[in-house]
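Note that the chains are named A, B, C, D, E, F, G and H in the order they appear, and that numbering of residues resets to 1 at the start of each chain.
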């Protein structure tokens, strides 16, 4: 089970991850972080396929991913 | 009739003209000019074909050519 | 007599513009003026600010370390500039984006919900004008008509926005003027 | 006591080399020495020259405007430096390449057909050594043995040329020494 | 047990950058850091920061750094590498830095075959100074010093750095990549890995041009900026490998002999 | 009546140069002067002299001249041409001047498409300063700063300027010629004529690289020097036209897409 | 023309245009980017040309070419960029070319910071490059003065055939103040046609050569003597300064230039309100430096205070002027920090109260 | 080692090698080409590296990289080339990197000529680049001293973490004189390991950064204060000069540096032979300048003569030192022309005979 962790304070609200996610399960929140940005949030963790495209996209290392148990490595990049 | 005029004081004695002349009619003299160089001389004006290769070669504009009457222009360069 | 004010907020809030308008109006009134922005490789998303000086004599230092007034449009600006204000000076807080009051008690504090006021007027981008109006209301640094004239000149190419901005300015002026009652601001 | 000399000639005549040898010999004798070449984007084919100073005290100016001696290996050098020589100084003329004498009459003039002498010794490139020898003969600026030692060091890698150069030097010395008779050179 | 499969590489310092939201300088930093980690060279790497938005790169990488004068990163890198050939040295440069003021330094560094790696970030603009025209600005693109759009008649055409560098005779690895979406970023990382590997193996100079966005000075939001890059820059700046140490000379032959 | 069929062109001043015997700088001067005469532009021409053996070119051409700082002739030429677009402006540069210190200036001048002409004299050495290695020095060639011969491992390979300039996208005329014998000089003149003609017509930037000898610093007599050029330089520096305003882009395509 | 509120950078650009500047070559650098940006729009409108150079090295050589071709031309930059112009500035001076160079100084050394500094005083006044030459240096303290001095600079450059530098800081570059341009402005100098320019030798004259090379040392010595005579004429004729309160009595004379002098003028007023007698003298031309004016003004004072945004540069010139005839005190801020009126007030009080130490250079 | 007759350029190169210099980056320029030429042969022999840079701009940034990596490194050039290094020298000072820079000065301005000059005095001592920094400047008058000072320069550079400049002229570059290198030379300073260098952060320490950027003005101000304190330490500890005849009585004190001082020493001897009492003081460190020594020596004299190959640069420092306490006279030659002993003799006689005019700067 992939688990996506978005650090609210690292996020600058650029929305690139939202557009990068093939599952369209990320969205922008309504809260402002300490830097003054609306930050990205996971909307439907359950549908996450662990592709890491959001992680790779984020210019600010705001997204980490963990997995519980086995998962495919779609690509080693 | 082509006529080659070498200016002794312009010549620096590099010998390039001597090697450029297809008729091999130029040579280096035994006298030193005001700059201290042995300078080039015409050896057999009669055999000159007016090709101007010596003139074109000379880096120091030491060679002029005149013609008397008609002559071929081998090339306009 | 010298008026000076630091106006500060986020990059996109139109802070530099209202500072320029104030300076323009001062100039039209025959005063000596200077307008000085913060500059450089700002950490984008950080604060932008400008210092306006209006004086009846040639402006000395255009840099004001202890301003007579501060217009704080967001929290970082408030935090940065509140400590610097001259004793007895004016602090104008945009309470729409700042949910705390002043920390000092030696200032005249005017809290205006500039963004909300602007939105209510149907001109959500006009918060800066509300703030400028409030500053004028609280200080009468220059006559409001003079600023209205500047608005007309500034937006001559987009007449549509002239009236809404004048409206925002007027509304701000009212709020600012009201807030300075009963005791007039010394600044 | 200071000796100084300007040696001058065409680029390829080995002028700088004999100047260096003289300086080296002076150093070996425990004297203070300096050697200074003309430098820069010479008009090639022009003159090359060097100034050598040998002194029992630290060398002051290494540039000598009025040298005590000049070795002129070609006409342009003679023309350039003859006027500068100190009154009563030494002018050494390479009469192989210069077909005029000195113009001044207050100098000790030594004319040596250096190229011919060298050719006669079967060492046509040794004209510079002849000239150096002649300078030594005329001045005893440094002992000739000291210069011979320098020749041995300089050409250590090409022993073949050592002897011919020593020979040229010696021949030059004789001519120079002879020329200074009967009255010794004041330089 | 939860295993972390994507996290900050060790070569990237745990700080927030000053880059604007959506600026892909950040992505490129991460890719470089990942490669340094994967090659295990962090502890013997020295980075050279340019003058440009990435001037503070020394704060963001967890490796030794030198900050260079504008355009001179390749010269500084040369100094470091010649002093300490055992170090892994990379210069990180913007398009103003490398292709404008630093043109002589990058050409000669590559031509000498300095065994360093250059990460060249082409965002078609001067970011740090507020959006002036760069040598790589696209025809018609608006910038503060060409407010009517770049006019190729007076300012010339954009310079293609990878192509230019590839024509030098000295062996090198030269590639172009882009990071405007995650899939192409994977290719970008591969190019960077190859570039650094050539250095680690002591083979040759390497340079990877990476197309990057500048939402702030392009005046469009980050997501649109990636689209603008793809639509406008990518056709003119094709990605791929332009030269490998094996590919030989890539200079054009005379048209007429 | 005797008719003079070969004499000093009007654009060449009637003085003797300081060039060494057999140095082909002199030949190149004459070719340029002849072209200026033939195009009838002498009276509106401004030349830019470099720093190098041809630093005194202002004494040898019978046209207005500016002497530029080392490597900056293209920048100076840009200044003149932008100030007075009606003038015919040419820069005369050596290989140290143009390809080493002046690399940024020549690339950007060409890339902006300045409508000037550059006469680039490649003699594979620093002549004026006494024979140091140039960017164009041949592998193995001895110079005072590479006394064991140019080592391509530490100094890289010689830079081919015509090829490099030809890869820029901005339209230009770029050619290489040589003057080591009279027949090839005729070709050189043709290249110069085309280059200046493009300028007179206001078409584009033009550059002609001309291979030249430096007998003095190569350490061989003039006649041998021409042979050395032919044998060693010509194969590496082919003559011909590398780019015309019509020939389009000459940049390499990616090896891998 | 009517007064307009203008940013310093734009006022400088517009002033140049009004003075007949046709060409601008420059490279971006904070805090003066608005100058090239303004010129990139403005010059094409008047048939001139703007070129964004590939570097400051290139820009400074482009102005050489354009000036040599006889046109009025300007470049601008900030400290690191001006360092890169050093060689070309020396060439410009050696070839006697009239150009205007604007340096909006930032804090150094190296990349430093972008905030105001006066750390380039020595570079501007004593050594803008190698060799024995000088550029005329003018330091405005307001936007109006910046505009005026830029226009004068073009006249002075042409008159002396010498580079003229405008030395400002980020405040001058970034601040807006009212500016007025006077229509029908006449040059401050009688200017001769540029018969020396390389404009094509159209048959009627010998060829012109723009050049700083003299291989013959005797010739170069003559050239150096000629240049020195020109600098001496500048020293005789072009000294500019302004005094504030110097007609009245005072105990302390403050010496400061540029925007720092404005801060000092505010301090001066505050001190005078407190009854402390202070005057201010402000060098406007930094080269030539107003040695005599400062010496004379100092004679009326008990002591002198030099205020600078540097570790002490102009103070050397002040001390040359005074030759220890009056004690000199020093106050400075560095790194982009500004001197405040309060600091100056405090310093003057400390001087009068004997708590400030005199400084010596040399 | 035994004495060897060496060309100045080679002695400078060899001295650097003896002092542990491992790297040389440079670009050819007359009259110092023999330095890079020597280094191109010599450094590979000791496992070091020589790189012919594409320009002086590149060379000066290469030494930055190498010094930042902790190695001893040198570059050399002549006036126009040194101007091109201005930006980098400022960066080197700002980043506190130890390097040795040799400037074999030639006559300017611009391309000028190649013969000896002292026209770069101001540039070297006051403004080698933008921003408020100083380089330590040493001026040898003989080849032996050049060799000695080059070796000291490396120690001083490391000790202060600051660029050190050797200022010579074509005579120093081209002349041959006997030179002796002392084996087992020990550094003149106690030197600490370069723990700040970027040598890879091998896990045992935090990363090192070589940098001159400080966006926060308070931080930059602190950095400036730190640098100034360093320069003050140089002023306190590194002043070097030599006096000749200063122990005896004299009426005239001559001040001159470099090879000009040798000419003056010859003149001094001639004058003394004629019974005219003259002494000579020769600044060896030009920054820090021997103000006090000159002041003290001048107090014993009736008047002072400054001799320079410039229109008057060091004379400003002499006047700062003297503050008009003694009349200062000036003799110079320009453009590559050399001062001769005769001229100096004549000038001193003119001074004593009242036919020479005192000069003032300021």
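Definition applied: a contact is a pair of C-beta atoms (placed from the backbone, for glycine too) under 8 Å apart; a residue touches a chain by one contact, two chains touch by 3 or more.
No experiment lies behind these values; they were computed from the predicted model shown.
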Set of chains adjacent to chain B and to chain E: F
Most remote chain, CA-based centroid, reference being chain B: C
Most distant chain from chain A by Cα centroid: D
Gap in Å, rounded to a whole number, between the CA centres of chain H and chain D: 35
Chain A-chain G separation of Cα centroids, rounded to whole Å: 54
Inter-centroid spacing, chain G versus chain E (mean Cα positions, whole Å): 38
Of all residues in chain E, the ones touching two or more other chains: 19-21, 55, 67, 69, 100-101, 103-104, 107-108, 112, 128-129, 135, 154-155
Per-residue multi-chain contacts in chain G, two or more chains: 30, 49, 51, 54-55, 57, 80, 87, 91, 95, 110-111, 114-115, 211-213, 215
Multi-partner residues of chain A (each touching 2 or more other chains): 12, 35, 37
Contact footprint of chain F on chain H as seen in their complex: 27-30, 33, 36-37, 40-41, 49-52, 54-57, 80, 110-111
Chain C partner contacts - residues on chain G that touch it in the complex: 3, 5, 30-31, 114-115, 142, 170-171, 173-178, 259, 262-263, 265-266, 269, 338, 340-342
Chain E to chain H touching residues, read off their complex: 42-46, 48-49, 55-56, 58, 61-69, 72, 75-84, 87, 104-105, 107-108, 112
Residues of chain D defined as touching chain H within the complex: 20, 23-24, 27, 32-37, 39-41, 58-63, 65-66
Touching residues (chain side chain F, partner chain H) in the complex: 51, 55, 67, 69-71, 96, 100-101, 103, 126, 128-130, 132-133, 135, 144-147, 154-155
